[in-house]
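Chain IDs A, B, C, D and E follow the sequence of writing; residue 1 opens each chain.
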Amino acid sequence: MLLGKVVGTLVSTRKDEKLEGLRFMVLERLDINGKPQSGYVVAADAVQAGIGEVVMYASGSAARQTTVTDQRPCDAVIMGIVDTWDVDGEVTYQKDED
Amino acid sequence: MLLGKVVGTLVSTRKDEKLEGLRFMVLERLDINGKPQSGYVVAADAVQAGIGEVVMYASGSAARQTTVTDQRPCDAVIMGIVDTWDVDGEVTYQKDED
Amino acid sequence: MLLGKVVGTLVSTRKDEKLEGLRFMVLERLDINGKPQSGYVVAADAVQAGIGEVVMYASGSAARQTTVTDQRPCDAVIMGIVDTWDVDGEVTYQKDED
Amino acid sequence: MLLGKVVGTLVSTRKDEKLEGLRFMVLERLDINGKPQSGYVVAADAVQAGIGEVVMYASGSAARQTTVTDQRPCDAVIMGIVDTWDVDGEVTYQKDED
Amino acid sequence: MLLGKVVGTLVSTRKDEKLEGLRFMVLERLDINGKPQSGYVVAADAVQAGIGEVVMYASGSAARQTTVTDQRPCDAVIMGIVDTWDVDGEVTYQKDED
């Protein structure tokens, strides 16, 4: 899985019928330190992610293994909101409490 | 999924029999700001996309999950025409009305 | 799918038994303008492609969806000989008649 | 498979229900000489790997073939702790005994 | 498929139970001219490849289609020892007879 920040949403009215009801989010990719890196992905949302949240996403056939994406033409899915991760014993990212 | 602009079509007469009837479009890849980036893909078309339209495409096994691409040797499919997307609260792309 | 030019063939006598009878071609990758770009792939041939021909190839699990590659350990297949493609209204590539 | 060093853990409370019970590790990618290279991956852990250990991980659909990841939306899994590897007849990496 | 040279072996004692009995080889990637390029892969061996041999390997789900890798968490497999390949009518690589 890779890490991303939800920076926007995408609307598509004319789409394959199997995509009805999916929510598409625009993710900026993050590096291991939580810094934006070049690259983005449009991912289906399986966890009701909000703008600004840091998430984990899965690509490829794994993206069809959530209940909301099952058997749909979708190659990326947000499957977790990240609370925290650490690198070399230091907390790299910590979700704000609110 | 990634974003692309339909810039052309591709014709192949001598092809695997399972590809009969598919329409192949040439896509220029777009970055998160809607600017062309290096790279292209030839994708099957599941949504009757037209030249100049901005689309979402799915790669890998996801590309076989639309009705038109089911069980075909196809690794990229246009599965949505994009109406609009936003980044950091600003509209990045908006499809022309006509 | 991506575009390639068939530049050679590859022979492998000691190979997995499921690969018997497949023909392996060496492809030089082409960019959207039909120019060679760095990168190559060795692909199974599902369409009797010849040296010098410009082809479309599919990667990943899609490469097992042709009749000749079904259930074989093969991750790239030539699935179409390209006749022509256009970009921005101009013919970019046109197969020679002969 | 590629090689990585386990440098941290990741916690996600709000996640797809199919991910319950999986342990997520942050891996720094290693090159063939065991040196860190740019790039990371968040992988599910099938072998009880510990911080600092050098591991092999599998990506894509292979990541769902372990017992702990079966049918889950997971695209990377640690499937082996590396004891040793060699390159050109020299031992490149040797796990510490302790 | 891509081309690689077998430069070493990898040992992993603590690994997913589905990997028992597989042999892991370290491959240096080769370019179309048979020159080493940056990048490596650890691949399961389906053809009893030896150190120094030039091989073809398949990645992704194709890597589970050999008899030895069936349903295992393995994303790369050596599926052929290369005898020879040619580019533009010239022999690029020829396996030594011995």
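Keep this in mind: a residue touches a chain if its C-beta (ideal position, glycine included) is under 8 Å from a C-beta of that chain, and two chains touch if they have at least 3 such contacts.
Computed from a predicted model, the values in this text were never measured in an experiment.
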| item | value |
| --- | --- |
| Magnitude of the superposing rotation for chain C and chain E (Cα, nearest 5°) | 70 |
| Between chain C and chain D, centroid-to-centroid distance (C-alpha), Å | 33 |
| CA centroid of chain B to CA centroid of chain C, Å | 21 |
| Per-residue overlap in chain D, given as positions that touch at least 2 other chains | 60-61, 63-64 |
| Contact graph of the chains (line, ring, star, complete, other) | ring |
| Cyclic ordering of chains (reference chain B, direction chain C) | B, C, E, D, A |
| Residues of chain E touching chain C in the complex | 1-3, 31-32, 46-48, 56, 58-67, 69, 77, 79-89, 92 |
| Interface residues, chain D side, partner chain A - complex | 7-19, 24, 26, 28, 40-43, 51, 60-61, 63-64, 71-76 |
